[in-house]
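Consider the two complexes below, in which chain A is the common component and chain B and chain C are the respective partners.
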Partner chain A sequence: MIHLPKEETKLMVAVHGWSGVLLGLVLYAVVITGMAAVFAEEIGAWSAGHVETQSAFARPFDRSVRELAARTPNEFRDDVDLFEIGDHNLGVFFHRHEVAPSGELINRGVYYQLDRQGRVANELRGTGEEVFGPRNDDALSSFLVDTHVRLHVPDPWGLLLTGVMGLAMLVAAISGLLVHRHLFKDIFTLRRRANPVLADRDRHSVAGTWSLPFAFLLAFTGSFFSFFGTIGVPIVAMAAFGGDQQAFSDTVFGQPGKPNPTPQPIGNLDRIAADAIGRTDGAPTFMTIEHFGRADAAVTTFHESKPGDIEPMTLVYHGGTATFDREKPSIGSKPSTGGTLAAIMAPLHFGNFAGVLSKAVWFGLGFAICYVTLTGIRLWLARRRERQRSLDWLERSVTVIGFGLPLALLAAAAGFLVTMPLGSAVFWTPASFLAACAVAILAGAVVPRQEELQRGLQIAIGALLALLPLIRLASGGPGWPATIASGQLAIMAVDIATLAGGAWTLWRLSAQGRERTAKDSAALQPTE
Partner chain B sequence: MSPHARKWTRIGFAGPGAVVVALVTMAGMSLWLPRGSAGIDNLVLPLVLVPLIWAALFFHACLDARLARVVGVALALFAIHAGIVAHKFMDRPAMASEAHR
Partner chain C sequence: MMNSFLFAAIAISLALIVWLWHGDPKRRRSSGLPQVGNSAGKRRYLAFAVALPGIMLAAIGDSAAVLVWLGSCSIGGWLVTQLRNGGDKA
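Entry: the complex of A and B
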């Protein structure tokens, strides 16, 4: 238990309240999209009807990469990144490193998107930022991730904004811990029959306290990611390397060794992938080739962590001979405290270190944080309701954003499902989101009673959740027998989750309606 | 110092002060932290720790009853790390001209 003096406790309550009220609604947007983005991969497969389960790295791809190398201008053949896109197809980015006039490190080159047969389906030229935009088949998952990471605000401002949200969450989490006078009593206290404000306070307190370590972890790792490239690397590179960010990158991420620019064809990449799969029991999630076509070429394969471990696995191969070199940490050439700490930031933030189970826990705790954020603002408003009628607009905004945002995300999913087969999902996914936002804002302005507004938005959420699987099937998505036959269970799981979520929301609203009717008639009887 | 001035000094050290001191500390730490077995700890640890350094400075500025200690800790951290960075920058041209000889 933490016992702060009375004045300090009052101050912490103020810090907790104001950090929540000033930044809570934006923080809510970041957390709710992050909660959905935990399952971005599964949502991507579900929404686009991807039924392939075999990794692109488990199929032959060496010949395709050689053919692509032959058609790529020499100036972009320094390094190659290989990764999966769409329905387990391959994306290949031949590039060179450049330093932008701002001092920022960028990659420029040719990005090939291959189809299932290894043929070029699309070719894009430019910097990494220019070529890695959303595609028609991943517009929904890209939209979710981009909203979470930068709220669609251009870099670096979007990242800085979400970084500030991370710090606000850190403040709310720590101050929330400090204001508890009876921590262990509070986490088990739920007075359901108390007055509504007290019952809300209990629920806020219980959900907040249980999710507190998680909120701290997410806020810390999230702000690390937001500030890493935008502020952190430039400042540390300035202090340690006189501003040379390339030198920083080479020291932290590069492969130590004597340069050998003698031309030498790259070894067999299929052999490297097969060896990596054998050593890690899993296909690479990413592969890079440094110094492509040189005697000192190095191939690095990145893998998810082993069961029971958090840090992802990384293997290095001699590029020219396609022979195994060593297992290395994700960051740095040898195991180190800094490298390990930085490497576990991603799995701790994304919750993907123990498969679907850890993702489900992260999703649930993300939901708890959304609940805590909204109920916290409502409690803050409830305390001031008697004194300040002028805060009605804020209460209404909380309802519009609190329920309008999930509704708009569901509308974006529906928009994607309808327009992806037409090839226009990149436009219609954000357009559907904005249209639903406009409807929610309009409803907030015209619906006279707060309760009616809240109920209406909740009914729309429940109905849309329940309808999403039907929209998916109606727009040509694969049925359950096809997904079971292919072993792609994510599609069925997301269908069941949305159906269950919709049914539960509508059932809860119907129960609340019946309760209200019963109360009204009970109140009327004595009058009669 | 008047209560009003004390309040704004505290707000200054909890707000922009904490940000500036955390960033300068991060820059300075990269020059004195041990490099570790991989030679990267001095570069990576400040990046990992900066949100926590900021949070520590923020809550210290809010909760420490002695304002002089808040100011003292923040200014000491700032002066030490800014000094280390400045020393490195002043040393660099000298090292470069030494190398040219």
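Entry: the complex of A and C
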């Protein structure tokens, strides 16, 4: 493959190893939560027992929005965002744009959460950041997504941290590519019974080679999302718009045209939604109304990509007449390569461009990247152990985080399932996660042998995986007949996946236990 | 219909990956298996054949299918290497 001079290879190995060891465990946390977040929508439906399958935009909602507009103070009726919440219900945010003292662009207004019948179930007032927190019925999926996106560190630091993790993954992928001389020759070579360094090296390089293109892809797109709002927008706004982020947003994402503030009622939103569904083969995932109640009102509907494509679709309608205007590129007013590249960043990162099939593939790739990260750190440690420089504390940390983190995520799911019916899931979901983290850390400190610690955590993972469907049913979640009758197959699929995952983990541990007992007996016999 | 093409493309590529894995000389040597692996030329043809279904999907213009095919081959190839190695000789 790529042949570097010896000194440069040594340098690359050092860069690869140290970047992996210093940032690998945080990167692992970002990737494993991202892997789960690929199925955030399905996990949300499964955990909260959501059985509705029809989009809120496929049901009449025009009347509800008009009634809400009538009760909303005029100062917040500049723009309206509409999106789905809970069990395919509607969330409506009437708002105006403001510039915070920090120069950041924010939205302030009234956020209505509607129920199945279109009645107001909850009303919140404040900035977007204040009103869009997790709700009782989506606390688990919100927790997963928030952990992946910003590791629960406040903005902008959390986004910057995960962006740096993305860059670290890029550095590791590139340096790994450069140090591995026989990338494709070794692609099938796994010497499991070789010495620990060789075995770990093979595990790491085989998984790394197979997942290499996607490591680049996911790291790049992840960094793009982290740095876009935190660094990209302020820099471009400063360079080209004198620091005016509103002007930047209007130019890049807004609707060009002459302002016309003449009052005019908004056209029929149900007609717009029906037309958009007809044009894109799918309900909108988001709808926004600019200049609500004015003659120049524009309604924009956002859609997932059409079958066979990965670029999401955006349609624009004349708000006053509810007539179709045009298909809009994600950036600017005319189609461009940059606009297309920016538009495909999200589907490439989330893997949601071909439904459950692409999500399952992206989940598998996330698992492979987690495996590469952990085996890489283990290889680094094994090499030092070979040179009599044992780092027992770091080995334990790798075990505690490597197995403790998935255990804590499962505990968060169990905590959510038990407390959601009581209305306290927003508190107990992260609390369960932290409690399980504390237990794993404590186990890491008190369990004398590394193998016992690893095995104990794996048993807990397997048992909790297998128990989750039972906990869900015991806490009042819908049974399989009800989910089949409603056509909501995600609940059954997640049940089967957790049961199968738990059974496989426990079976594997049991097989390893039997193998070890057989080895111990074989070693004992000659002694006797 | 498109899904049928996609599944067929994945199945063909994975079958060829298994063939490549089976005849991989380095893997056979390190596992202590008889040296009857594929020659370098044959491996090159097989590698091209693995990529062919993806090239065809790209030619049709189905970018979503190309990505799903590539991801499936990546995971499938890794799993083939992981799972089947247990049956080899030490």
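Methods note: the second predicted complex is superposed on the first by the 523 of 528 C-alpha atoms of A that agree within 3 Å, B and C clash if a C-alpha of one lies under 4 Å from a C-alpha of the other, contacts with A are read in each partner's own complex, and residues count from 1 in each chain.
The definition used in the following text is that a contact is a pair of C-beta atoms (placed from the backbone, for glycine too) under 8 Å apart; a residue touches a chain by one contact, two chains touch by 3 or more.
On a predicted model such as this, the values are computed, not experimentally measured, just so you know.
Using the contact criterion defined above for the overlaid structures, shared-chain residue A:Asp186 touches chain C, although it does not reach chain B.
After overlaying the two complexes on the shared chain, residue contacts for A:Ile231 are found with chain B alone; chain C is out of touch. Within the superposed three-chain model, A:Ser333 lies in touch with chain B and out of touch with chain C [touch as defined at top].
When the two complexes are overlaid on their common chain A, residue A:Leu365 makes contact with chain C while staying clear of chain B.
Contacts of A:Thr33 after superposition on the shared chain: neither chain B nor chain C is touched.
Of the two partner chains, neither chain B nor chain C is touched by A:Thr483. Looking at the shared chain after the overlay, A:Trp210 reaches chain C, while chain B stays out of its contact range. Between chain B and chain C, B contacts the larger number of chain A residues. Of all the residues in chain B, the ones that touch chain A in their complex are 23, 26-28, 30-31, 36-48, 50-52, 54-55, 58-59, 62-63, 65, 85, 88-89, 92.
Chain A makes touch with chain C in their complex at residues 185-194, 206-207, 210-211, 213-214, 305, 307-310, 348, 351, 353-354, 357-358, 361-362, 364-365, 368. Listing the residues of chain A that touch chain B in their complex gives 4-5, 8, 11-12, 15, 166-167, 170-171, 174-175, 219-220, 223-224, 227-228, 231-233, 235-236, 238-240, 242, 248, 251-252, 329, 331-339, 341-342, 345. On the side of chain C, the complex with chain A involves touching residues 2-3, 20-21, 24, 26-27, 30-31, 61-65, 67-68, 70-72, 74-75, 77-78, 80-82, 85-86, 90.
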